[in-house]
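As written, the chain order gives the labels A, B, C, D and E, with residue 1 at the start of each chain.
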Amino acid sequence: MRRSHLLAFGLLGSAAALVAPAGPATAQETLKIGVPTALTGTYAGLGAEAVRAIEFAVAEANAKGGVAGHKVEIKTLDTEAKPEVARKQAEKLALEGYKILTGTIASGEGLAMGPLLARWDAIYVSTINKSDKLTGDSCVPRMFRTNHQDAQDAAVVRPWLGSRKEGKWAILAADIAWGRDSGKSFVEAAKVNKKDIVAEIYSPFGSNDYAPFIQQIKSSGAEGLWVALAGRDAINFATQAKEFGLLDKVFVAGVSFVTDNNVKTLGATSKGIWGIINYSSTLDTPANKAFVEAWKTKYNGDEPASFEGETYLGMQVIFQAVEKAKSVKPVDVAKAMRGGTFDTVLGKVTLRAEDHQMVLPNYFGYIGERGGKLRPIITETIPANVATTPPTGTCKMGEL
Amino acid sequence: MLVQILNGLVYGGLLYIVSVGLVLIFGLRRIVNFAHGSLFMLGAYVGFSVAAMGGFWGALLAAAIVLALVGALLDIAILQPLQREDPIVTVLVTFGLLLILEDFAQFVWGKDFLKSPVPTMFSGSVLIFGESFPVYRLVVIAVAALVALGLSVWLRLSKIGLYVRASSADPLTTAMQGVNTDRVSVIVVALGAALAGISGTISAPLLALSPSMGSYILIESFIVVVVGGLGSFAGAFIAAIVIGQVHNLGLVYVPWAATMIPFLLMVGVLIWRPTGIAGSHV
Amino acid sequence: MTGIVTTDPIVSRAPPPRHALALASAIGAIACGALLAATIQSSLMMTLVTQAIITAILATGVGFLIRQNGVVSFGHAAFYGIACYTIALALKLGVMRVEFAILLALALPTALAFLLGLVIIRIPGVAFSMLTLAVGQAFYEFAMKARHVTGGEDGFSVSLPPAILGIPTAWFQNPHSMFVVSWSVLVLIIFGLALIAASPFGRLTVAIRENEERARFIGYRTTLPRVLVLTLSAFVTAIAGVLFTLYNTFVSPDVLHWTLSGSALIMAIIGGPRLIWGPALGAIIFFFTKDIAGDVTEHWQGIIGVILIVVMLVIPSGLGGTLAALWQRRFGHG
Amino acid sequence: MSELLAFSNVVSGYGDARILHDVDLTIGDGERVAVLGRNGVGKTTIVNTFLGVARLSSGEVRLAGERHSPIRHFIAARRGIALVPQGRRIIPTLTVRENLAIGGAPGRNKPWTLDRVFDLFPILRERANTPGTALSGGQQQMLAIGRALMSNPSLLVLDEPSEGLAPVIIDELAVVLRQLADAGTALLLIEQHFGLVHRVAERYYVLSKGTIVEQGHLAGISMESLKKHVAV
Amino acid sequence: MAESHAIEGSKLTRQFGGFFALKGVDLAVKRGEIRGLIGPNGAGKSTLIDVLSGRAEHRSGTVRMFGTDISAMTAQQRRHAGLARSFQRTNIFPDLTVIDQLDIASRAAEMPNIDEIMAELNLTALAFRRAANISYGDQRRLDLALALIGRPKILLLDEPAAGLSIGESLELAHILKDLAARWGVTVLLVEHDMEVVFSICDRITVLHLGAILAEGTPDQIRGVPEVVTAYLGSSV
């Protein structure tokens, strides 16, 4: 009986030896980009957008003969949007030679990967994670963010709220770190603008039924509603709020609430809802127009959605950093990224050296019809220097 | 407050329709079906696809039929061959089924969220307690009440309902009386799955459709089934209504503890009565 | 108690050579592990194996409960996750040295299991499973809620000091050295559990699992031994949580979620919980099957689902059980 | 007279335990046969063998001349054999009427109806809507017999029907069984209570330690051997 | 308490719903006696054993052991006090080896007489076999062995010979009688095999419909007409 232990151990050993890869990655000329992202689960839709944008950027680059002569290659692995799985898959990608990582969805995934990047000799470029921590107290030299952080979204609320006529506001936010932060900054913005907060509600993440909250908002007498819900929560709420007539009665605006893909799902329900827009295909820059045209040609007339635009921007940054560094080595690329200025779909933007946060303009607008389709229409552009608050000082950036 | 209670009734009603299928299957097969949430999800998608052409009733019917077939297949191909094994083996099999169904839905309907419109005949709202209340939500309550009523009438008055009750209590004696208990089991699992499908279709206009949507209701329906008493229809009904209320009122009045309340309720009930409110099995 | 007849033992019980053999195989296995770590160059392979082994320890804990008590827990993620969060929080709040944090991370889930066990162990069958599920989820919801300290669903990284018990912390994060550590821990756990299972206590709990009533009628109280098994199982699970935290240096509420308990259960059953090492085998096979399937296609869920159903239909007693049966058929009963 | 149920060279038991050794037993149309024996001699194993609860290790069981593989329990009932199980097994969640109604197997001509059963046992009509387990022991026995009749059997197998019943009730039971037998239903009575057997059966087998040790017509039974195998 | 019996039940009543399984049964067994308990099925024999051993709760009445009231004791407390029992259905630990389960039992009884018991009950050769894999007769003897470990003072046996062949039953009867005599064990034996009962019992109690119908030596019992009637029916 006991001897069978040995047998098991022996089997294990030989299995391990069989599965081991043949040797270290050799192709130094190839720019290998690892994409750990959500392919299954609630965030699979967002993962699909990230992958589409990355594939688009890579195909474009390879068609031009590669990035500074380096052919680009990607590998995608499923993280299920879980930090622990993201860590495992990112490590796997990095050790297989895909040392430039991007495409993760949940902030927790980025936070989980951060401390390990040095161990893997990898870098991570966030294009979707919004938690302030990433470029705040959890910042590391090998982590970069080319998308807006929560603080950048919060910064545009204050001027915008001042321009609104509604005096009584309700807040409905997801009861998770991001939603709480957004709710808090809205309260502050309201104080500055002398608006009343008549209800401040945090709904559990992944709620099915929003009726109790809708009822609370209705009976609070709010004229305006600020919503910080994303994905499934956003759709469930919007659908049910429409049913209860809330969307027609109250002025509704939000953050991450009516993204392109939510608009696609919600259809007419989302029409007229205001919100922060981090990227829209309707943006009027030459680079963006070219990008949108190319995208439409490739994807049967579809326009890029917000996460697709943001991820594409991240790829532009990575490619330009590689060109500048004349190397695909992660450390060299990181050096080129830190403090660098890049030509992107949003124009010329700088990646701040202090905390590796991209200094970006931000936008406000509403969902309206454009070219027969509902899209986020930008009404207000907040320039990068206003939209991006200075580094808070919580980030103690080390050396590469 | 009164409207909130009505809201709780809607949610409780929805939970009831999802859970009662689990109760049926557990009562006869003594199996905790982890794939039940996925059957719910599949029902929502089937309803979504059919609603475009067949309307609400067509969607409901299609979801019921498709899911009944899935349930029948599940019983014949998997549950019956495994009925002499340890129940945990069957539980794992339903785990496997959960994974397959999620993958299947993602393959067929894609990864993006989908949404069913509220059927036009039930759109709009009515005034209740001085507040406008969506008609469709009243329909959900009505459907839950109909299912509860229909099911208890069927179980009480029909021949097959009698066989179901008899073989849930004592399959051997029932079989000795000449009842084909294998067929009863196929019918029960098919009906349980069909109810999951119907509940999916019903909730499709309220919820975002995604392959993983089943996981958001599975645990809550487990709570309903366990608190009500495994295998008890009346218990499930009471538990669903109670949990619907506790859930909604908790969210409004004790938001910091609301998500934990159903779990604590379940722990409390089980420690007080391991068989649940009205159950006789453990 | 008068007149005890001390007849010569006709058969000698618990023959020592078996223990010696077990000890020898344990030492051998640890040596093999060290050798393996020395020969395999690939960090990728080592990190995967290391993670698989940490998961195997978790599954071993879950499996031991099934083996000795015959009950199925859907809530072991609670013990695992509490261990993770204890270390992470203790260090984050800076209230104690890492060594004490580790001890506390082992002690808390163990104590929790003991107290919980006193209340729930009498509840049989499905109700027990559902209770553990509920308790586990309550902790998950709590971790989500207490975002001021836990960071909510984002989780937070664990700031370990440069050395633990004088050993450089980097050792616990290097796949090669951590492999040796976790492999040795797994081997020692299996060895320890095998000793416990063969001890009077182990046999008593099997007896209670088999026939609780008769155990009472031969003069035993049957609650406490079962509670102790649950406690032990939670302790093993907590060890997995500690190793995971040291290696991963990050925690999020996923370590408390019921799907983790579910996966651990799948591993234990696939491996065959009748054997102490079955769940560990199941965990390693499951881990690599999932990894390889995920490498090949994004439809890994479907593949795992099909494999799971087929395995359960073909060998319901699990891989370990089947291997052991084959072994016995080949070499007679041992 | 055609054969309804036959055991030939049946060896069966549970797990490794062999309870029945080489049992031969037949019962034909309209016959009234008893199997006598004390507790623990294997009487119930006879029932369990044809239900598939006990494992048949050799020999065969035939129902209405066909070889019977006792896997699907409902087959026996459909071939006209109804069982009144030991301990009655009244389904507690069902009322008296519902307990009876399970037995109404579908799609065959039905000499037995609910009304006829109620005529036979008027007490069941009175208490038709009470839970089956609320009845007294004797009434539950009537219910179990009524339920078996509802499947319109040509052979009624009764496993220890006298168990736990007061003598006066056993007398009533005997009357009912006689009535059924006179109406043409074959009876297989598995019993240790000779008084009941004596008034109902015409042929008997004595089972001891899993084998048939004696058989014959009741008319010629010897009290000596009876006392040896059945009573004190 | 002038002369305390080994085991004594007085006015024991137990009820299921409206059905009385025991109706005020008085039973007293002297030290060292082998008492037979017989009666037709459903007479309440097993219920009586259950009440005496603490498996079932009784509604009224008391159970005394050597004069001490043990009514409130749990099953394992009664066992520690020296009251052991076997079961009608084989009630062993199928997954453990024979020696392992006897070892466990001996640890509870704090008396390591496993080898002795195994020798007495012919189990030595089977020591390392899993109980599920030994024959039915061996399982019955194992069941008895579990009760005999630690040499209990009182042994309640519920049909130990059920399902055994004639040879096996008689062999078991002799083992029992021999052990009872040598160890001074008081035995209460429920058994349907009359050969066994009449050959080893000192006295016999007949139970019928939850009440005692007769009590006496085997010879006396043979002559009581009600006993015959209880078994054979009123018409004989």
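Everything below uses one rule, namely that a residue touches a chain if its C-beta (ideal position, glycine included) is under 8 Å from a C-beta of that chain, and two chains touch if they have at least 3 such contacts.
Computed from a predicted model, the values in this text were never measured in an experiment.
Visitor: What are the chains that subunit B and subunit C both touch?
Guide: A
Visitor: Name, by label, each chain that touches both members of the pair subunit C and subunit D.
Guide: The shared contacts of subunit C and subunit D, listed by label, come to B, E.
Visitor: To get from subunit A to subunit D along touching chains, fewest steps?
Guide: 2
Visitor: Name the chain pair with more contacting C-beta pairs, choosing from B-D and C-E.
Guide: Pair with more contacting C-beta pairs, B-D versus C-E: C-E.
Visitor: Quick check for the class: compute each chain's Cα centroid; which one is farthest from the centroid of subunit C?
Guide: Using the mean of the C-alpha atoms as each chain's centre, the farthest one from subunit C is D.
Visitor: Taking each chain's centre as the mean of its CA atoms, how far is subunit A from subunit E in angstrom?
Guide: Their C-alpha centroids are separated by 75 Å.
Visitor: In whole angstrom, what separates the CA-based centres of subunit D and subunit E?
Guide: 30
Visitor: List the centre-to-centre spacing of subunit A and subunit B in whole Å, with centres computed as mean CA coordinates.
Guide: Using C-alpha averages as centres, the distance is 35 Å.
Visitor: Centre to centre, by mean C-alpha position, how many angstrom separate subunit B and subunit E?
Guide: 51
Visitor: Give me the residues of subunit B that touch two or more other chains.
Guide: Answer for subunit B, listing residues that touch two or more other chains: 102-103, 106, 259.
Visitor: Could you tell me which residues belong to subunit A and also touch two or more other chains?
Guide: 39-40, 175
Visitor: What chain pairs are in touch here?
Guide: Here the touching pairs of chains are A-B, A-C, B-C, B-D, C-E, D-E.
Visitor: Could you pull out which subunit E residues touch subunit C in their complex?
Guide: Subunit E residues touching subunit C: 53, 55, 74-76, 79-80, 84-85, 87, 91-96, 99-101, 103-105, 107-113, 115-116, 118-119, 124, 127-128, 146-147, 149-150.
Visitor: Which of the residues in subunit B end up touching subunit A in this complex?
Guide: Touching subunit A from subunit B are residues 3-4, 7-8, 10-11, 14, 102-103, 106, 110-115, 117-118, 125, 131-134, 136-137, 203, 205-208, 210-213, 216-217, 247-249, 251-252, 255, 258-259.
Visitor: Give every residue of subunit D touching subunit B within the complex, in rising order.
Guide: So the residues of subunit D in touch with subunit B come to 51, 53, 72-74, 76-78, 82-83, 85, 89, 91-94, 98, 101-106, 147-148, 150-151.
Visitor: Spell out the part of subunit A that touches subunit C in their complex, as residue ranges.
Guide: 1-10, 12-13, 15-17, 19-21, 39-40, 76-78, 82-85, 87-89, 91-92, 95-96, 106-108, 111-112, 114-116, 119, 131, 133, 138, 175-178, 180, 205
Visitor: Using the touch definition up top, name the residues of subunit E that touch subunit D in the complex.
Guide: The contact residues of subunit E facing subunit D are 17-19, 38, 40-43, 132-136, 139, 159, 161-166, 192-194, 198, 209, 221-222, 227-228, 231-236.
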